[in-house]
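Note that the chains take the letters A, B, C and D in the order they are written out, and that residue 1 is the start of every chain.
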Amino acid sequence: MINKVVKNVEDALQGVQSGMTLMLGGFGLCGIPENSISQLEKLGVTDLTCISNNAGVDNFGLGLLLQKRQIKKMISSYVGENDEFERQMLSGELDVELIPQGTLAERCRATGAGIPAFYTPAGYGTEVAEGKETREFNGKMYVLEHAFKPDYAFVKAWKGDTAGNLIFKGTARNFNPLMAMAGKITVAEVEELVPAGELDPNQIHTSGIFVQRIFQGVAYEKRIEQRTVTPKS
Amino acid sequence: MINKVVKNVEDALQGVQSGMTLMLGGFGLCGIPENSISQLEKLGVTDLTCISNNAGVDNFGLGLLLQKRQIKKMISSYVGENDEFERQMLSGELDVELIPQGTLAERCRATGAGIPAFYTPAGYGTEVAEGKETREFNGKMYVLEHAFKPDYAFVKAWKGDTAGNLIFKGTARNFNPLMAMAGKITVAEVEELVPAGELDPNQIHTSGIFVQRIFQGVAYEKRIEQRTVTPKS
Amino acid sequence: MALDKIGIAKRIAQELRDGWYVNLGIGIPTLVANYIPSGIDVEFQSENGLLGMGPFPIEGEEDADLINAGKQTVTVLDGGSLFDSANSFAMIRGQHVQLTVLGAMEVAENGDIANWKIPGKMVKGMGGAMDLVASAENIIVAMMHTNKHGDSKLLKKCSLPLTGVGCVKKIVSNLAVLEVTENGFKLLERAPGVSVEEIKNATEGKLIIEGDIPEMVIN
Amino acid sequence: MALDKIGIAKRIAQELRDGWYVNLGIGIPTLVANYIPSGIDVEFQSENGLLGMGPFPIEGEEDADLINAGKQTVTVLDGGSLFDSANSFAMIRGQHVQLTVLGAMEVAENGDIANWKIPGKMVKGMGGAMDLVASAENIIVAMMHTNKHGDSKLLKKCSLPLTGVGCVKKIVSNLAVLEVTENGFKLLERAPGVSVEEIKNATEGKLIIEGDIPEMVIN
């Protein structure tokens, strides 16, 4: 069994440098790699290109790196919850590429799956398709979209084992399995790290082959953006 | 909760007609939809185009339909275990399209995922790429491959629930989840059918949205092609 | 009287059919889930990776790992399932979701929709909207017929950057139900007490009026 | 003396590196799993949807739902995982599998490989071979240097239909270890007791011989 465990977040982020392209899992603040983001902040690496569905909020998630101006470019589908983001974008400090969420997901998967390009209907006839090849299949128009070239991918799982296998919980799965496939080096942080053999091989969402480094995360905040509840009756 | 249960294989195969294109899950004899294949034989529909990784053996799996000359064309990656297949192919009674296994899998997924076409390196420079568009990405050559247009998909799962959710076991998963996505009508047969709510929503391999009809299968033979064992010590 | 948001949601709920998987956008579309006609089973898909989305959790049972696409805490119903974003959009692009309901800033008489960007204002992004509109066979737009200045939002041609082209099939506004046809907006129903004349005046795009236009029936 | 199949498998096993994921084809390649050097952790991938493939099951414990790509009953080791065929070939095409070992009927001096079809004979299909050879960064071919008529299988140009172009990196035959370079087959090692002359005579394609060619060391 190949062992992927590193002892902490410092070791997990060895080799991350300014100017790199990083993928970060999560949807909103759900399923984000909290420990890795904190360590990126601590490392102070700059000029990062971050591929992530969202950009966090002002003081959490990728918002932490935005505050420190570590991000040069964001590639996302929705970036609405962040004043500092807005300020940097409008002032031109931050470059932003917005792409449809399904295209973002599929491009991540394609990256990991050795598919250099594919056609999707999303964005045809809109500014998203400007400068891109379009083509008709069976009477419908499609846009050619390409794989990414990330250096690192940072993902967060619920459980993981020493072989790098991952299981996600609820909607915290989102982009994490796709980005895990895509990273040249994929770093997985988990809420619970168990010995290889404890997870049912039928129930693994991300195979260890996609994970280069795994570590037991600490102090998860798991902040909720919109706490909506049904009152107790 | 949307209920997908039909009471038996007869109801499950309502609407299947001669000349249709069918997808059938399984790798070798592992994970094949035994009940649906038997019913296809019983229905006597002919001129079928079957998309399936393999073609069964002489007296089991798709071999049963070959014996009755119900299949006009096979689209597969490997068809090696079947004398009747060989006879029909060499005599020209059976049309055979061989495609790389990974391309077959990805084309099934693309069909279900609304991706009309994608590029893959498999088969570039070989007869598989003849007449197909090829293209260079990042210095490497790729072949353009297209989605299928199946009428029905027949898949076999270990457990399923009344909402059509499926869980597979071992390597019996193989093409089943991909073909489930692809079928215009997907028929799932399961070894154990349980009420919706019994399966952990985190652990479902195929969501019920991809399954139009589900039924409790019967009398599974689950034949082993190559029984290889380590002697008891 | 023009419909309020709840009225629009109630009218859209009448469009649901048994066995449909439905994706509801943020805003008025979300309200549709509260008015499912009796005897109808539908399942709601949330594009962040959830099928069989249930109501908000009972106070104290909310789970940070279980949210909808609006980032609200939700629940999973029996028979629900969870999956990754690629699989979620496979459901959408592959047309496994039968109905998409979403809001719009503008719709054109040819079915073009604009709902993601206003030039000069902060752009938040299209999220999953472009995938949804480019893929869905059946798209209903929930919207106000006019903006706060009284200008029509049902136009000959969208003035804002498009989200998708020729994709909207039906509109339920505060004033009317309209079908988008090859020839323009076909008026199907009027909001209770709203005249055809009022709808005409509020519609810039080509409006097709054939015969008597019935009033909506909303409970 | 030329190597037998086990000798070829043993020599290929020396190429394994700690931490590698490896896909072994049917035939000689399968035997490689029996000779993993000590101190080396590798995991075997079977393209029908299994990572961490273990040995054949103990008699009586075989499971029809757990087979390898050769349709043999197998086991899963601790840390193994199961997945669908699309995900399996994502691992292969995405170059997550570090080494592919497979057999060949012919290899050309430019790295072309033919191993799936003989015109005029029954064609069984390429299975996963075309995906594997088109994707793997590191392909070792396990083969006999000549056919049963004594004709070379290491050619200037393949005569049989190709499986992949310019993809083979290394060959371990019964006579030699060779690297496929831009300029042809570079002789790296001789089988024990086999002369350079014998290898020359058995190789139709361009053979590069630089300096002393050591004998393989096989335990």
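The definition used in the following text is that a contact is a pair of C-beta atoms (placed from the backbone, for glycine too) under 8 Å apart; a residue touches a chain by one contact, two chains touch by 3 or more.
Only a predicted model underlies this, so the values are computations on that prediction, with no experimental measurement involved.
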Of A-C and B-C, whichever chain pair has more C-beta contact pairs: A-C
Between chain C and chain D, centroid-to-centroid distance (C-alpha), Å: 56
Whole-Å gap separating chain B and chain D, where each centre is the average of the chain's CA atoms: 29
Whole-Å separation of chain centres (CA-atom averages), chain B against chain C: 36
Interface hub residues of chain B, defined as touching at least two other chains: 106, 109, 113-115, 120-121, 168-170, 202
Contacts with two or more other chains, residues of chain C listed in rising order: 76, 82-83, 86, 89, 92-93, 135
Touch-based graph of the chains, sorted into line, ring, star, complete or other: other
Inter-chain touch pairs (all): A-B, A-C, A-D, B-C, B-D
Residues of chain B touching chain D in the complex: 27-31, 53, 76-80, 86, 89-90, 96, 98, 100-106, 108-109, 120-128, 158, 168-178, 205, 222-232
Residues on chain C engaged by chain A in the complex (per definition of touch): 46-50, 55-74, 76, 82-86, 88-89, 92-93, 112, 122-131, 134-135, 161-166
Interfacial residue positions of chain A with respect to chain B in the complex: 106, 110, 113-121, 137-138, 140, 142, 146, 167-170, 202-203
Chain C to chain B touching residues, read off their complex: 18-19, 21, 41-43, 45, 51-52, 76-83, 86-87, 89-97, 135
For the chain A and chain D complex, residues of the former touching the latter: 1-3, 109, 111-115, 161-163, 165, 181, 195-197, 201-202, 204, 207-210
